[in-house]
Each structure stands twice: as structure tokens, then as C-alpha cells.
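By written order: A, B, C, D and E. Residues from 1 in each chain.
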């Protein structure tokens, strides 16, 4: 609904964040029910920016089916649930994707024993696919375009997909490459599975907010940008205090609120970005802690490196 | 047993249909206070329907029924008034099986007449004594014999202190041994001067207490007479036939 | 009757024959076998078939059960233990996952130190149900109450309930046992208060919220009481209006003010911390408790001779019964917000409970309608003849009897609904069967355990549902006997 | 008799609205109507307002746009280029197919188990009791998941059938392969293909299929005629001619002729590439769901059948025996006709339950109505209001049709009582 | 009413147990063609069991039962033969509620005796006339009164043209008015010379038609005698006790 989400959130003193029901690395509750992951970090950063406390978040697990409705009906304030930014979602579904926190693409994972090295060799294969996702459409389009046939095995959740794939009920498992990596990482024998080189789609994943509340959209957008910019400028959770006290870089000063009054333009105080970064670190830190190469998920930065490193992560200037 | 001049029930030109079936045809009947009337007639002749019309368990479609000066229309207040003046005892007792005998008797006084519970219980015990089963007060109806149940039903009606009592074949569901207990209770009531209308085939009872016997057939009152005349000297052919069947059995 | 024949000579027995044991082949184990297992060719074939089925099941599953592992940290470790103990090819059950995660299957993400709260709330449930469900036999009610009390207290101690709570629980439970022995109908008061008490114990927060609801209802009742002499109709309207007005406009603020004056709160729990059987039971019990009054109203409406009322009830009941529960759950999660004023946003569990209630109410209405139909017409007529009005007749005469007859049906409805609570997983809640299991399996340690969680949750569902169905069968038999 | 004044027709007073029985029910109904309308108006108003706030409308136009997703083994031709409407129809057909097959199988199973529970074989009756209680008291969802898991975990991938010395081999004379993805069964091939009938909307029906249908339906009518003839003969002479072999012949011989004429033969599945081809691959999602629905509903039906047979009092059997009837005649002529009357109403509600429960296909990804219209379509178009409303209406219509048909049948066989 | 010398039923030394309970002990009984035997005795004494053994609704465990020269063994053919010789009427009629009266009567002749339908229907109508309800032929049993139902049950048995009829308390489930209709039918049958064994407490009936009354207690035949002797001059103490209860009632 159109309205003042910022005021609502402040009044409620809690951010309601729509997340995945469980995708290791991106959003999953641990054994005690505490949520952690790459997407969760975005929620925490927004909560820190707006409410001053990264723990003031209520996580609402949403399924592929319920996520957009949850957002558009006002049930959640922000959807940080590895959702692909597409034209129709942005327009027809009346969502606003505020940016990209992960550049992904749909890929295939197969068992090494299958002897397949390219997706082009998958003609006639059985492929596990989560229903109700864009991957389903991409898959259909890809095989149609390449004049190949396949047998879909529709599954309801990622957990189901893993089960099917591991039992050999499908030759290939397709989902976003990040998801494939996460899934493979969880296998007992990750070395026996390969992710095929073809990436058949562009899957920019990012947080979304409701259409219409531009200020709220700005807040989430710039919180995300702050995380990305922080990495670019070398602001980390460890040197945050130090830099805010004595950084000479005007960009950093503006970012951390030591000069100019950027926060007020969005109805926040000046330290919003500082708190957002303090919540779980800058973009790079979050990446490394949740899905990076040191984690079981083991994703390389790839497209998600800073633009300065040859990646696509590019935060507009803070001024 | 004195009959006053005051009119208790007046039924005039009353007709009733079930769908298109004409059950009661042009009934005219005046009952005076203190009168005891027995209605007899073959099965399906409309006896039950007639007395059920008197306390508006059934609606009549034309003519008038005036009970105690109150005309029965669809006005709920009138119906309520009439029903609290008129007690009714059914063939199958229709006691409330989930309540004790005492609760059966106090339910209506408490909830309809708004009598305090204590007082209602005292009254109930008085009437239970009258029907000779005060010791059963805390039992449930299911634990009583048929005759006892019917007497509880009578006591339950009496607790509302009605001025008129209607009985619809009160003994026909009872085993022969129990019929007597119930008839005795009814005779006692009659002796106290209660206005009564009773559908029954107990001709002994009719002869003992009735002021008038009404014979119905095919929804009409065919003959009315004093019991003596009715049994010894019936006028209509139908009555004769009926009496021969009843008495012959 | 002239020709009496020689053989009709009168006969009189002077010594009675004693009982004699039956011939040998009529008794003994062999006879039993012959009569019950091998009485004919078809029977023999069936016996052999039955034995084959048993053999098949045992031979396939025995090893697996025999090779159970209870102590391990992950599935891999389980497999290693099995391989080490029973050889490389051995397969075995890894119950360690249940051992490690049982609390999540039971309580979801409810804080561990507060487990005693659901346990006590659940124990109180039996007290609340005792006067309704176990009124048939004093002995059973006594056993149920005592066992519930003992189990609640023992379990609470085991999960480390603080002393004041233990004392509170003990007082209530022992009090209930005593009251039940003395004057059982008084327990109904507890039953009436239980919904609020249960909600407060499960969700926590300020007790003033519940108390202000109670106060609103009490004031509404007072309004009814005061005006009932004027006109029953006005009284009902006044009562409902007062209650609603208080609930909508006063209760919330009053509760907050009182809370700030005299804090009376316990740790508040969010709905998203509910999961596992706690979630199932909460939804099931709330659904049944709420659907009962709604079901009664629907049943009465459906039996009404007012055309419009009747048709509305029919349409509602048939509509709800005609669509799968899962679509109603989707309505709860996807559409309910469309139907409510913009900006309203309320708890998903509450929404699910609303839909489950509506769903159960439609079935309940049919069950109760059956009970109403089973009452002889004479009961209605007697009530009429005594001058009781419609509502009094319903409340005092008809419903008490009809509901009693309907209890077995109500219990069956509850069993069905309780099983259906597993479907909430499809709207993102953590039901014990799939929600919690998927969550447990999302962890690296337990990826790949399927059968153990299935068997564990299945067994618990079986125990609960089976005992309830036995209970309802027992009631059914009893009621049948009573009616003759 | 005194002359009666015409019944005083009291003039209308407003208080009569409440206190007069005739008007009171009208008053109540009007009030109820107003309340219901107000509630509906409120809900609709909210919905309109909410839709506007979200910038959405209420429009079924999306049904005619491209669906874009694939559906495994659709019952009518379907590709991802078809519309959402066609996808919905495919889903609906899938729902109908699984419900229909489920009802049939559950009935057969339920009747068998119900009768077996009454058998005097102690062991078998106990086993059946265990089965019934197990399935009645554990959620259906669990059974669906377990059976599906059994398929995926225990059966091999198609590659197990590969090679000279495969780990698994096909069963039923190399005609059926069980795999963890599907059960590969043979399709029917024709050497003498008569072509196809185009019904429009790319739905083609093989003339051979039509021929078989005609022969079977025709055979059914002939069979009825034969039975009528047997009845007439019996009425005339008292002896009933044995008809089972005639009936068998009527059903079988023309079919055999057609098989011979069309050169009908089985095309067994064959491992091609990753998967079996040539034959028909029945997805495990379908088989598992079907099995689970069958087993679950079968347990309920078994109880119904048992209760139905028990409801026919022992006296009926004894009376038939005393008249010299043997046990199978007693069953056919006395017990079953009566038991059926008791059995059918609850059986209908089991059929309804099964149909509704088939929506649990969601758990195994079988693309039924909920999976298409209520799943991927809803998701891709974001039209949750339209999709769910439409889905509920379709389910409702299905339920009404089933109960309608069965009620007609039920009214026909109702017992006449006084 | 003449009794021939031919033996219709011979029971010798017959014993039956239910589990370990000895219901019938050493029963010896010979029934001649045309005889009409009434069996009386307290409840639970084994009367029903005895007559049910005669057409093998129950199996006996020792001794012999010979009906019409056919010994009852587990041979199905023998059982079939005996059952088509012996008709049985039950206390609760056990009519088939899903068939019309006529169909009830023709079912067994058509399917067991293989009689053409026309003929079976004619026979059935004849017997329905005999029991005086031909006009009910196309109604369903549920639409008839108890007495009518029992008469249909008798007609149904007769349609199989049995040579022996067994009655198990045929009137005890009926209202008093209906008892007479059924007894009349049975008396008429008796007058035609049908061999009958009838368990009943209708002592009027016994006196009117029985050749012999058999008194059973505890699974044994305690006394046999002509009705006159039996009622006026019972020998055994038990019989006396029983008669005092029955007649005093």
C-alpha cells in the first residue's frame, strides 16, 4: 500500500523482512532459529540504518509462491529473498527492485559420472526444477531455443531438489549458479558434481520494496549502496570508527555522516550508513562471511566483485 | 366438581389444513372453566391436531381460538401468555433426559416465570408429592418407569400453575399396569376442579370424570354428549361403530 | 385332538443333566488354529499371504531398526558407526537426529528455557476439556485429570520450570482434581477462561491484554443483564455492542496503561517462533474451540425454516466443504490482506487459525446438524408447550443434548483437522512433518535423513490420533447404549 | 352455535415486526440480509481499495497470455508457448485424472480390505486392521512424502538398466522399467494406422482409439441386452442361462479383431540417451500421489464398507439361508443391495475428499490444477486474487458435480419406508 | 387334523455347545408328519437354538438330526435339500426391505427352485391371499404394520412350499392388536395339516392347535405332554413354576 513505510517501521520499532524459507548461505535459521546469511545481512543493515539496531528485524519466511504478495500486501516491509529483477516483476507486479546484491545466472549441475561437459549435451535429460520460479521459464526457453527436449521433475523446495538430485532422480539440477554452489557444497562428495559452464540467464538478485513509497525505496537502495561503496572505499566494520573519526576522503566522510547531511534527505539521521555497515560489515565482508570462498558454499566473487576489480558492483556516488 | 359459567376456551369456526389436506373442519367448541372434556375418535381423525392448536403448537388457518380471553394470533406475546396458562402432557412424556426430575419441573418456572430457584424447587416438590413420586426428584427420567415418567410430565406441567390442562393420549404408550397410576393422578386433578381436555380411549376414565365426551371423525366434531348418554345411547352411526370396536377389543 | 399317538407319551425329566465339556476338537490351541486360520482353502491361502506380508516387512525393516544409532553428531557419523559396528554394507536407522533435534520437532523455535509454558498450557487443556469430554464417566475423568496433572508437573520439572510456575501449575491441577470430585460443573468456569489463559501462556506478553478482554466480555454481560428486563432483544444488542466497543476502542489502551502502572508480563513470544507439534496443536485446538460456536450457529441456521438464513448457511457450508483446505490456506496467506482494510497486517498463525476455523466450522455444522436431527421432535414441542422461547429452548434443552450426541463426530472432525495442520507448511510455517524436517535437513550435518523424521513424526501423529479415535469410538458405544 | 364475527384482522403496527411471528421471521431475514450485504460490501470495498493501492486490477486477461513453462507429460498437447488458460486446463485434466484413478483404485482396495476385515481369518483380519488404523491416523501428507521418497530412494536411475550386465532389469517380459523418475511402460503402436480425428485446439484423437471406445461401449450395451435376455429366459422358464462367457466374448472378441485389424502391438520402452524412450514414462510424482491417495482413502472406504455390511442385520442372512439360498446368492441378492444403500452416501464424501486431497500434489510437484493455475501461473503473473478465486470455483464445481451425480444415484436406490 | 405315522423330524441324542457353554443337552425328539408342536420355556433355555438346528442355521456337535429322511451333516447338498423342505418364520420377520412384498415372496422360488417368474408370482399371490394381504403386494415391507409384515414373512416361507414350518416366537415383537391377525393365519395353516414347530408363549394358541407341548429348561426337554395335560396338570416343578409366571402375568 502506498504510505509511509518508514514511519510505520519506526512506530513498530521493528523491520519486517521477507526471506527465503531456508537456503544455506543466503537465508537460513540455525539450530536455534537465528537467521543468518547473505540476504539476512541486507535486512540487518536496513534495520540498523533505520532503527539503530540490527537485531530489530522480524524474518518472515516466504515461499516462491507467497513472496511477492507478502510484499505488495504490506505484510513485509522489504523482500530480501534472492528474487530476480525482471521487467514484469518491476512493472506488472508493482514491485520496486532497489538494486542488485548478487549477480547470478542460471546454471546446471550434473554428476561427473554422466560424462556431460556442456548443457548442450543435455538433450533428453531429466531435469529437476523448482516450480513457480523464473528458472522454470528460462529452462523452457533455453531448451526450446536449442531445439532440445527434456523431462522436468517439478519440485517444491530446494531441500526436495537436493533429495531428488542426490538420489539420481534427475540427471541435472538447475537453479541459480549460487544456489547450485551452495547445494554442491553441502554434498558429502562435492568433487563428484560439476557445474556446467553455460549460464543460461541473467539473474540479478536484489532486495525489493513496494511500488509507490519512493522514500522507503531510497532508504533500502542506499543502504545497499552504502555497503557496496564501503567496500570500494575500504571502510570495514573494524576500521569504521577510526575512519569516521579521521578519514580525509570526502566520499567516506559523507558516507559515514561526518560531513554533509545526507541522512536527513531520507528522513534518517546522519549515522545511518555507519550503523548499516557496522551491522555485518561492508559488502565484501558480508560476502566473505556468508557465501565466500572460505565458507562451505565457496562462491568466488566473479561478477560480484567491485567494478574496480572487474566486477559489476558499482555504487553511485554519495553526494 | 363444579363448572363455572366463565368461558375458558372458545373455538369458533376453526379450520386447519396440512398443505391441501383439510384436517380440522369448522370446529366449534366452548369449554367452561372447570369443565373436563374427553375427546375420542378413530386414528387420524384430528384429535391431536385440535388440542395442539389450542396452545398453538400448530397454527390454524381460519376461525378463532380464544383461550382465557386471549385470542391466538401470530403475536408472540399472546402465544407466550396462552402457553403459560395451558399445560400439556404428551403421549410420549417428552421429558428432558439430560435433566433430573426436579430440574425438569423447575426449568420453566425459573426461566419463563422467573421464579427464584428455591421457591421453584419447593413448588416442584409439592407437585411431585401430589403425583406421589417425591422420592424420585433427583433421578433422571431414563431411570424411571413409563408410568412414573408420565406422572413427572404431569407435575412438570402443573409447576407452571396452568389454568387449563391438555392431555394427548397420556396413557397409550404405557404398559397396562402403569396406566392406572397415571389415571389416578388425573382423576385427582379433575377432582380439584382443573379445566381439562383429554384425548384418550380410556372409556372408564371418561365415564368417571368427564363432563362431556366429544367424538371426532374426519376432522369434524361428530357428536358431543354427556358420558352417560354417549356410551349408552350414542346418536350417530359412526359413534356406534367406533364404540363397538373400542369396547369389543 | 383325538388321536394322541403312542410317541406322544408324556415325558417328564426327573434329573436335570449337568453342563458337560464340549468334545475335544472344539477347544484348545489346535482348534483355534483350525477355526481361525485354516478353516478352508481360501482361508489357508489368506493365512499364507498374511505370513508372507509379515515376512516381507520384517525382513526388509528389521535390520534397519536393529542397527539403530542414537548417539551421533551427523548423518556421516551415524553411517560410520553403523559401518564400524555391523559391517560395511549394513544399513541402519540414525535416530541421533531425533535425539539432537527433538525439541524443534516438539516446540519449533520456542525459547528453550520457556518450554515449561507450552507444557503447562497443554496440561491445563486437559483440565479445561475434562468437564466436556470426560463427563461420561467419573472414573475416566479422574484418571485423565490425575495423569495429566502428574505428567505436566513432571515434564515441567524436567524442562526446568521456575518454582512460581510450578506452584501455580500444581495449584491449578490439584484444585481441578478436587473440584472435579466435589462439583464437576464448576470446572466449566475454568474451561471458559482457558482460551485466554492458554493464549497468554503461549504467547506471553502482558497479562493485561487478556484481562482487558475478559473485562470487556464481563461488562458486556453486565449490560445484557441490566437491560434484559426491558427487552431480551435490546439486551443482546446492548451486550454485544458494549463488548465490541470495549474490545475495539478501549481494551488495547487500557491494557497498555495498566501495564505501565502495574507491570504484569512474561516474556513475549513471536508467532514465528512457533513450530513443530506445538504449532500443530495450537492451530488444532484453537481451530476446534473457535469452530464449535460457529458450527453451532451454522447448524442452527441450516435447520432454520427462514428461507434466507437457511440458504446462506447452505451456501457457506457447501462452499467451504467443496474446496480443498490448501486453497483456503492460500487465501489466508495471499488474499486475506486484500479483504481487510488497507494497512491491516496481522499474524500469519492467526490468519491460518481463522481459515482453519472456518473450514472446521463447516464440517462441525454438519456434525451438529446430525445431532440436532437425532433429537426427537417431542423435545422441541415440550419446550414450546412450556413457553420457552427459541433461544432458551436451544440453550437449555436442545443443544445440551445434541452436542452430547455429537461428541464422537466432533472428535473425528478434530482428528481430521489435526492431521491437516501439516498443510500449513505450504504457507511457510514450520509444521513438524515437512517444515521442521526440511529445516533440519537444510543443515549440513543432517542432509539426507528422510525416514527417521518421517517415522518419528508419523508415530507421534499416530499415537495422538489413534487414542482420540479410540476414545470417540468408546463414546459412541456408550451413547448408543444410553439411548436404548 | 353462536354466530362468529369475522376474525378481527388487526391492523399493522410496527411492534408486530418483532412480536408477530409472521413478520418477525421476515424482520430477521431482512436484518441478516443487510448484515451479509454490508459484510460483502465491506470486503469488496476493501479489495477494490487495496487493488487500487497496489495499482492492480481484477482481470482474467492474463489467461490468454503465454505461459512459458513446461508441464511434464500433459494429457493434451501442450508446450511452453501455449497460454495460461491451456496450462490451467492441463492442470485441471491432471486433477481429474488423478482423482478418477484414485477413486477407482481406492474403491477396489477399500472394498477388498473392508471384506477382508470381516473374514474369519484371524491373521489376515488383524493385518487389515493395522493397515486401516495406520492410514487413518497419520496425515496424508506424510504418506505422500514417504511413498515418493520410497520411489526416489529405493528405485535406481535409468542408467542402472544400461550395459551388458545391468544392475537392474526390466520386469513383465522386458516391458516395464521402474526407475526413480518414472515408471516406463510400453505404449501401443499400430501397424495399420487409420489416422487421427482433429477436435480442434490441437487435440487429436486416434481413429483406432475411437474404434475401441465404440466397440467397448457397444459391447456394454450388448451385454445389457444379453442380461435382459437372460432375465427374460429366467422369467419364462425359471432357468437362467449362463451368460458370463457370452459377456466375456462380447467384450473380448471384437477387441481382439480390432487389435488384429489395426496391428496393435506394444512398443516397449527403450533406454535412449539419459532416459527411456519409445514407451510411456509415467512420472513418479503421479504414481506416488496416486498410490498415497489410494491407500489413504482406501482405509476410510474399508471402514465404510465394513460398517455397511455389518449394518445389514444378521437376520437378513439367516432369512435368506432359511429360504435355501446359498451364500453367494445371499450376498448378491440380499446383502449387497442393502449394504450399498448404507455405503454410498459416505462413499461420496470420500470421493469428494480424495478429489480435494489431490491438491496435495504440491508436495511432489505433480502439476495439477493447484500446480498450474494456483502455482506457476499465479507466480508468474502475480494475479493471486484472480487465480485463487478461479481455482476455488473450479474445485467447487468439481465437488458439486461429483456429489450431484452420486446423489442422483443415491436417490434412486433409497429404501422406501412408512 | 390328522397326524400320520410318517416321521418328519427325528432328533436323537443331540448336543450343542457355544464355545464351552452346553446349550442343548441330549435332545431326543420325534415329530410326525402333520404334528403341531409348541415349545415353551424360560428365556435362554435353548428353544431358538433347537429349532435353528433343525434347518442348520446352527451346527450341532453330537447326535443326529434327520429331517424328512435326510441327515443333517456338513454336506452342503443335504443342507440345501433340508432347507427347501423346511420354512422358517422369525421373531423379527427379517423381510428384505429393499424388495417389494411380492419380490420378497418370489425371490427364493425364482432363484432357488428355478420357477418361472409368472408362476412364482401366481403362487405368491395365492399365499398372500391366504394371509389376507394381496393388496399390499407392491408395497415395501417398511410401509406395512408389524402384523402385516409377519404375515408376509409367513407367506414368503410358504412360497417355497415347505413340508415343515418352524416359527420362532412369531408374535412376540407385535402389538397386541396385531398378534391376533398372525395367530389366525397360523391356526389356518395348522388346520390344513402342515407340520409345525412353534416356539411361543401364546398359551391360547398352544391349547387351540398343538398336539404336543414341549417344555424346555437349561437346554433340556423337561416335560412333554398334550396341551390339556400340560396346562391343567403339569408334572414337573419347573413347569408349574413357569406356568404360574406365564399365566399370572
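Assume a contact is a pair of C-beta atoms (placed from the backbone, for glycine too) under 8 Å apart; a residue touches a chain by one contact, two chains touch by 3 or more.
A quick note: this is a predicted structure, and the numbers were derived from the prediction, not measured.
*Asks:* Please find the path from chain A to chain B through touching chains that uses the fewest steps, and give that number.
*Replies:* Minimum number of steps from chain A to chain B: 2.
*Asks:* Based on which chains touch which, give the shortest step count from chain C to chain D.
*Replies:* 1
*Asks:* How big is the rotation relating chain B to chain E when the fit is done on Cα atoms? Please round to the nearest 5 degrees.
*Replies:* 160
*Asks:* Tell me which of A-D and D-E has more C-beta pairs in contact.
*Replies:* Of A-D and D-E, more C-beta pairs in contact link A-D.
*Asks:* Which chain is the middle one, judged by CA centres?
*Replies:* Minimum centroid-to-centroid distance belongs to C.
*Asks:* Report back the single chain whose CA centre is most distant from the CA centre of chain A.
*Replies:* E
*Asks:* Using the average of all C-alpha atoms in each chain as its centre, how far is it in Å between chain B and chain E?
*Replies:* Distance between chain centres, rounded to whole Å: 45 Å.
*Asks:* Hey, how far is the Cα centre of chain A from the one of chain E, in Å?
*Replies:* Roughly 88 Å, centre to centre.
*Asks:* Suppose each chain is reduced to the average of its Cα coordinates; what separation in Å results between chain B and chain C?
*Replies:* About 47 Å separates the centre of chain B from that of chain C.
*Asks:* Rounded to the nearest whole Å, what is the centre-to-centre distance of chain B and chain D, using the mean of the C-alpha atoms as each centre?
*Replies:* About 57 Å, centre to centre.
*Asks:* Would you pick out the residues of chain D that each touch at least 2 other chains?
*Replies:* 50, 53, 149, 153, 362-363, 384
*Asks:* For chain A, give me the residues that contact two or more of the other chains.
*Replies:* Chain A, residues with two or more chain partners: 1, 65, 69, 73, 160, 163.
*Asks:* Which chain C residues sit where two or more other chains touch them?
*Replies:* 330, 334, 337-338, 342, 426, 450
*Asks:* Can you give me every chain pair that touches, using the contact definition above?
*Replies:* All chain pairs meeting the touch criterion are A-C, A-D, B-C, B-D, C-D, C-E, D-E.
*Asks:* Can you list the residues on chain D that touch chain B in the complex?
*Replies:* Listed in rising order, the residues of chain D that touch chain B are 1-2, 4, 7-8, 10, 16, 19-22, 24.
*Asks:* In the complex, go through chain B and note every residue touching chain C.
*Replies:* Checking each residue of chain B against chain C gives 55, 57, 80, 83-84, 86-88, 90, 92-98, 107-108, 111-112, 142, 156-157, 160.
*Asks:* Which residues of chain D touch chain C once you look at their complex with the stated criterion?
*Replies:* Its residues touching chain C are 18, 25, 28-29, 32-33, 36, 43, 46-47, 49-51, 53, 116, 119-124, 127, 133-134, 136-142, 145-146, 149, 153, 352, 356-357, 359-360, 362-363, 370, 374, 384-385, 388, 391-392, 395-396, 399-400.
*Asks:* Can you tell me which positions in chain C touch chain E when the two form their complex?
*Replies:* Per the touch definition, chain C meets chain E at residues 1, 3-5, 7-8, 10-14, 16-17, 19-23, 26-27.
*Asks:* Within the complex, which stretch of chain A touches chain C?
*Replies:* 1, 3, 21-24, 28-29, 31-33, 58-63, 65-66, 69-70, 73-75, 157-160, 162-163, 166, 186-188, 296
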